[in-house]
Amino acid sequence: MSKGQIIMYLPLVVLLLPLLSALLILLFTKRYRQLSAGLSIGAVALGLGISIFLYASQDADHAKSDLIFTWLGIGQADSQALLPGAPGEQTLGFDFSIMNDPLSRLMLVVVTLVGTLVHVFSLVYMRKDKGYARYFGALSFFVFSMLGIVLSANLVMMFIFWELVGVSSYLLISHWFEKPAAADAGKKAFITNRIGDVGFLLGILLIWQQVDTVNIGSLGGQVSTLAGLLIFCGAVGKSAQFPLHVWLPDAMEGPTPVSALIHAATMVAAGVYMLCRVFVIFTPDALLIIGWIGAITALLAALMAVQQDDIKRILAYSTLSQLGYMVMAVGCGGPDSAMFHLTTHAAFKALLFLGAGAVIYACHHEQNIWKMGDLRHRQPWTYRAFVTGALALAGFPLLSGFFSKDAILMQAYLKHMPMFIIGVVVAVLTAFYMTRCVLVAFFGKARSDQARHAQEVPGEMLAPLIILSIFSIVLGAPQIGLHHSLSADIFEIKISPDAKTAHTAAMIAGTIAAALGIVSGWWLYKNAETDPLPSKLGELSRWMRNRFYFDELYAFLNRWTQETLSYAAAWADRWLIAGLGVKGTSGAVDITGCLIRLVQTGNLQTYALLMVLGLLGILAWILF
Amino acid sequence: MTIGLEHYLIVSVVLFCLGLLGVIIRRNLIVMYMGLELMLNAANLALVAFSHFRDNLDGQVMVFFIITVAAAEVAVGLALIVALYRKRQTNDVTDLTSMKL
Amino acid sequence: MSPLTYIMGLPLAMALILAVVPGEKRPFFRWGARLATLGSLLLAIYVFSVFDPPITDQLGTFPAQATEGSALEDAYGYKFTQRVEWIPTLNIHYYVGVDGIGIVMVLMAALVAFAATCCAQEIRTREKEFYILLLLMTGGILGAFMSLDIFLMYFLHELALVPTFIMIGVWGRGKDKDFAAYKITLYLSLGALLTLAGVIMLYLQFGSFSLLNMMDHATQFAGTEAGAFSAAEQNVIFALLMFGLGILVGLWPFHTWAPLGYGAAPTATAMMHAGVIKKFGLFMLIKVALPLAPEGAQTWLPILALLCLGNILYCGLVAMRQKDLNLLIGNSSVAHMGFVFLGIASVTTIGLTGAVMVMVAHGLLAGLAFGLSGYLYSQARTLDMDKLQGLLAGMPFWGTLMIMALMAGCGLPGFANFAGELTVFFGAWKVYPVITTIGIWSALVIGAVYMLRAIRTLLHGMKGEQTPEVEDLKHWQRLPYALLIAVLLLFGFYPKLITDKIGQSNATFRQATEAQAKESE
Amino acid sequence: MDLSLVSLEIGITLIGVAVLLVDLWTPTERKAQLGWWVVGGLVAVFCYSFSTFNQGPGTGALGYTKDSLAVFFQGYFVLSAILVVLLTQSYANRIRSGISELYALICFALAGMSFAAGANSLAMLFVAVELITITFYVLTSFERNRFRSLEAGVKYLILGAASSAIMVFGIALIYGSTGALDFHEIARATMALNDDSIMLLYQLGVLMTLAGLFFKLAAVPFQVWVPDVYQGAPTPVTTFLSIGSKAAGIVLMIRLLAEACPPLQHEVWLRQLLALMAAATILYGSLCALRQRNLKRLLGYSSIASAGFVLLGLVTLNDLGAQAVLFYLAAYVFGVVGAFTVIAVVSEESADEDISILANLHQRSPLMATVLTLSIISLAGIPPLAGFIGKFILLRAAISSLEVHPIMPWVIGPALIGVVISFYYYFSVIREIFWGKGRFWKEEAPATEPLDCPRSAEVILLTCLFGLIGLGLFPEPILYIAGEATNFLFFAN
Amino acid sequence: MEILFYIFSALTLLCGLLVVFNPFSRNPVTSAMFLVLTIISMSGLFVLLQAYFLAAVQILVYAGAVIVLFLFVIMLLDVKEEERRRYQKFGTILGFAAVGGLAAIIINTIHQSGVGQTLTSSGTGETKPLGKMLFTEYLLPFEIVSVLLLVAMVGCILLSKRDETTEVEAE
């Protein structure tokens, strides 16, 4: 087998390993907790190794997809039909082929890396859980489907794995299915995703109709705006963009490692990744809309994050706003910077979530930051890691977040000034709420028994934190050349002449924003016992706290559209069709029968009379 | 005017209808039988008239059969009435309504 | 002797055998029925496997009969044919054979039948009658899917009518089972009679019941004024067939019998009926109505498309409101029929292939779902989802399968249903974009809503207080369910398995689509 | 004249007389056994006459012809008579005295029917019909210690006599307008008739004659007598009434329409009349039966409905329709006899005719349950039984003349609706057999003890079983014979 | 000739009417008596039609046998005359209407057909050819009628003879 073939089949191996472990766990090793965990970790870790090897062995050919087998074929297989072919006969064929280019390889690394770390982290975190094996099985299944999205070379394949990611996240979110909140959250996440997927599928159909292919490689510019936007709907659902962002915060009901894996690094990033994949099909109008959606999401989410008390929810909203950032970047025509931010964000957001997980673990599943405090002495390492992540997220100079955010701001500066401004504002807010979170959770004095009795978490949990903090420090550095490779090699974006000024502007703006946010946060929350903001902001803070009442709005809409319709339909089915239609008819027939029977009076002369009348009628009818 | 076929036919039709009337409105079984007899006789009259005016005897042969059949019918019917009367002392049709609907 | 004859004959023969066995030997009936259906299943699998590539005498151990129609059979891609004179006066033959559609349907039917006989555990009284009726039903429908003589097709299908009635009445559930039995019977017979009228009119048109000859004539007729039968007649015939068969399938608004009947029927009956027998209408619509009366189809298919909207959207919405698990599954299965109708209404090769795929997938799925719910009923004596909550913890295996079934029901990739529905959408998209959009919404969102609600109430959450004690499936009880889910996954992950087979009947599709294609030009 | 032409009828009559005589020297308890001898004799006679039957129409000089149509119906009548005799035998202990007279009368009625099958002139038609009818007056009121039997007899007698009087008057008119009684002469005369004024009289005559036959056939509006008479008459007689005398009416009607009035076959009004009556009859029978609980009455209504189907076949006025009718009748025999046999046995055991007596039958006597179910299914016309083939070819015949007569849809539509309606009551019989509640209004559990049926009844049941399934699966022979019998029957199309 | 016809037909119809619808008496005996008169006057019409044999048979069979049978039964059962009040008005009126309609239709048809004009020959009513036909051409119906009479005989015996066994109500 030549090297080419090895290179060709390695991604497939990476893809299939987790599936294999998932199947093994489901079928055989459900009973044996450690064995299952081992299988799952082994699979993803091996995958990580292979992906790193692949990423390292960059061969130049781009956008290369390899056919594995034909998934579904229609219209080819009429071998010995003697009849002449019909004029309008179409054929339809979907290949299962894998994308094997630097972008997918980079994504492979990201997914498997975070995946591995999360697996390791979960070893301890989930130790006491009785669904241990099931958890790891689902985790592997999720990794499989996520890798599927990364590797799929045509839209239908991507849609398939898209759905699978949805369902696996559903399984993971409602892992503690006996907890009503978790079950509901899973349901909400799945259905919201499905709404997005409707658009996605319609987009695929429209593209198929317009360019007669669904292979990403052969997609061109001749796709209409509508199709692009429909495709974008998928991303809106998956990476929780406004207006479909509501599911992500609730998804925090799932186990924290899951949140780290799915809702920080991978699944929600899938949308952005997909946008970058099919970037070519977007028309300028489409891009504009995409950008604005991203900007709005970023701003709204940041505002919501400011007033959350649940540590995971804070992170969730920050995730939302960061995703908004990335989408905005795509909208500003900078898929490279989007991918760049995606990568760095994966690192530090996973770090933050895992850190939060460590904190929660230590505080016996206490998640309210106002019930924590002074953890920096009790969990020094967690503290350091968390702060690193926070700084990176806040865009503290020379950390990874700083560079990636600058790249985005630069794009925005070049394309749309308003978005640039929004971006800066969001940067300020980000720095502010992260500062708030850190200060309240780790400084001051412990505000609850759980916080008092917290102590440092074991090494298996610390190790991922350390690794991730290193990544989130260095990943952005120009010396690594990640951004350069993305923009230059992968997306071939030429450096525009006024990039220099834009770059400086972005850098300055970013720094100022970060500083502003951190300082104001420090000033407000330096050993604060309760949140001072509500008193200052009043109404606005209530709106922030209640997430601008989106859930209520949607509940209202749903109740008054779909639910009402379904009630009406059920009513009609019961009373109109089954009742009036069916029972009515049968009743009418029955009554007719009873009436006609009255003819049979049993009286001979009536009978005779009837016969004569009948004869009379016949004769009269015939003879006249 | 001379008496033609039509006159005989009209007589027979009227007689026929009288018999039918008897069947319909009289409730005494025996009288109903008489009505039936009248109907058959009316048919006989028609047949005879036709055969006369057509010069062929088939009609009369038919009449011969009809008379016999009528006699047999009456015999059976009257026997039936006797049996019925033994069972329930009646020969009124309005009492014969144990089966209906 | 074609193997198909055995596939159909085994259950019928076993029914005869069981009829003479005294009623005390209760195990005998169970195992006899299982044996017969298993035999059919194995044969069906064999036929399925050797069906493609085209069989030559040295390859296939069963040499295809040399009949005068063999050229036609090759032309239309029919294999394993057997033709025997039956009623010469009416020019009716015993004529069996399968093309792509036939073989997948037969395989599906055999699978579900075997599963159904295995799931008939709950029957404890009057087993003799039950298994005889079940076998009659099975043999009949298996035969209907493989018969090339329309009379034979109809004849065999009707074998199921009376058994359904008796089974629901004697072994059925619920207080209004009598009403359900009457309703389902009257509906089905009405549909059957309309179909019969249509079939007779076809027969009078072509002077033969042989599907192949009729299709051949139809192609010669096509376009030519002479000898062709007029568009008006085609309209009548197609209307008769469409509505008659539609009633058999539960086309909106003739669908209300289905959930009621399945809710009241014993498990095995519900599996067979919802899974297999219901598909007959669609099968005949695709195999007979479309190719033989294409011009009629042009008139009626848009209306069919509108009506199928009733199934897809309306029944989906109705399903959202169901509290009883069986009613939910029943309504959702009616809704799924809508996708098939959509595929048929867009007479395109893709759409029709998709339709057949959905038929197969839904057959398996309905079998699985009703089997599972039936097991639950046998455990809990109720299917009211207000009473049954949080079962997953108590019965993990059953729960997992149920989740998979429901997920398949809302079109999750990896299950055959998704492949089928996707194909249908691709086929119908260019013809009926709006309806397809609504269909996608229904498939992805509405389906998800009611299926997830079911999971949420039935399986997730804490165990309800009224929830009775239930125990999970034991070792070998799992076999039928596992079998069905395995096949669903197999076809879901590699649908090419069936699409290739279905491609064998392209000739039929072509004939169906030609007229429409002409129309579109 | 050569007696071989009427050997069958002579034989049958002789058997009847012989039974009457033998009866005198037979001890009372063994009189019922005479049935076996009657059956044997009938079989023998039929075989003999059939063997001496030379193909091709016999002479019509005596107003009697023995063509293949006649032979078909004679076979049909003999078969049904045999079944009825067997049924009578298993019914014997209901008939205290005169069982052998019953056999004899059945034979005489049979003779009349087989004359009717070959009737070729109005005189013959009249005499044959009267022989049948008067015999049935006696048969119907045979259980003279049951009031209902007598009541049925009286009703049947008066209405029957009235209708035959009407028929006679019609015959008179036909004779008057054509001057002939023989069918072929009538046909010739009508061909000659050119002025339609006489034609009018002729039509009137035909209509009144048909009215008499419609009465036998129980077609609306001459159907009113059926339920009462069917309910009151002894069950074997009811059976014979619904398979024998109905069929006699049918064959006479076929002959009359096919041979005596060629000009009318092109008349639209005749088709319209038949169509209207067919639709009305089917609907009437089905609708009235819906709420019916008395089994014999139920079957009475169902026989009205089936008369409608026969008319549906006759509307076509062509050979195809006639063939369909013949086969339909052949299939009909087994269904009706099977059903009535079971009903006779069960109702005798429980001295009741309410549908609830069938409860638990599946357990009390599997054989009877099976046969009754199959008979009902066959009557309802569901595969794979004989009745389905019958309904199928009837519909085929009707639909095949769809383009010939624009009225057809208006017959076929109601026919289909009627079938669906009829399924309701047919299936409620099946329901009663398999999960009936018994007399639920009395809160008494249905009987469960096994129910044994007499030997002769078993013979009938098995015959019907094989007949139903055999004709359903292999209808070819009968179809072929029926086709032969009705070949070139109608001049029109 | 015409006079005779009118007398006989008038008698026939009048007595026929009185048979079925006698305003003065509902007694079956009266009806029977008028039936005799009807029969006789009708045989008179037969004579006018030169069907002498049939006229004789008519008188013999009917007046001789049938009527006697009637009277016999009436006496046997000593039937009282039915009360007037139980007389369904509706049925009667409808009956009159129906029958009248029937008569109207038939007469009208006969009149339209004009057989009266077309057929105006008169033959000679000999009995010999009648008997000839009866035993050659119509032999078979003749024999059947004999069987029929046998049946009637058996039937009458069966129906009217008392049962040896005790009479029990069957329902």
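First chain written, first letter: the chains are A, B, C, D and E, and each begins at residue 1.
The criterion applied here is as follows: a residue touches a chain if its C-beta (ideal position, glycine included) is under 8 Å from a C-beta of that chain, and two chains touch if they have at least 3 such contacts.
Because the structure is predicted, anything quoted here is derived from the model rather than measured.
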Please give the intersection of the contact partners of chain C with those of chain E. A, D
What is the graph distance from chain B to chain D, where chains are linked when they touch? 1
Between B-E and D-E, which chain pair is linked by the larger number of C-beta contacts? B-E
Compute the centre of every chain as the mean of its C-alpha atoms, then state which one is farthest from the centre of chain E. A
Which chain has its C-alpha centre farthest away from the C-alpha centre of chain D? A
Taking each chain's centre as the mean of its C-alpha atoms, which one lies nearest the mean of all protein C-alpha atoms here? C
With centres defined as the mean C-alpha position, give me the chain A-chain B separation in Å. 96
Averaging C-alpha coordinates per chain, one finds the centres of chain C and chain D separated by a number of Å equal to 42
Could you tell me the distance, in whole angstrom, between the mean C-alpha positions of chain A and chain D? 77
CA centroids of chain A and chain C: separation to the nearest Å works out as 37
By residue number and range, which residues of chain C touch two or more other chains? none
Find every residue in chain B that makes contact with two or more other chains and list them. 5, 9, 16, 19-20, 23-25, 27, 33, 49-51, 54, 58, 61, 65, 69, 72-73, 76, 80-81, 83, 87, 93-94, 96, 98-100
Multi-partner residues in chain D (2 or more other chains touched) are 123, 126-127, 130, 134, 137-138, 141, 144-145, 147-148, 154-155, 158, 162, 166, 176, 200, 204, 227-228
Could you list each pair of chains that touch one another? A-B, A-C, A-D, A-E, B-D, B-E, C-D, D-E
For the complex, give me every residue of chain D touching chain B. 122-123, 126-127, 130, 134, 137-138, 141, 144-145, 147-148, 150-155, 157-158, 161-162, 165-166, 168-169, 171-173, 175-176, 179-181, 227-228, 231-232, 297
Within their complex, chain E touches chain A through residues 88, 91, 94-95, 98-99, 101-102, 105-106, 108-109
With touch defined as at the start, can you tell me which chain D residues reach chain A in the complex? 154-155, 158-159, 162-163, 166, 200, 203-204, 207-208, 211, 215, 220-222, 224-225, 227-228, 269, 273, 284, 287-292, 421
Contact footprint of chain E on chain D as seen in their complex: 1, 6, 13, 17, 20, 61-64, 94, 96-98, 101, 104-105, 108, 111-112, 115, 123-124, 126-128, 130-131, 134-135, 137-138, 141-149, 176-177, 197-198, 200-201, 204
So in the complex, which bits of chain B are touching chain D? 5, 9, 12, 16, 19-20, 23, 29, 32-33, 36, 39-40, 42-43, 46-47, 49-51, 54, 56, 58-59, 61-62, 65-66, 69, 72-73, 76-77, 80-81, 83-84, 87-88, 93, 96, 98-100
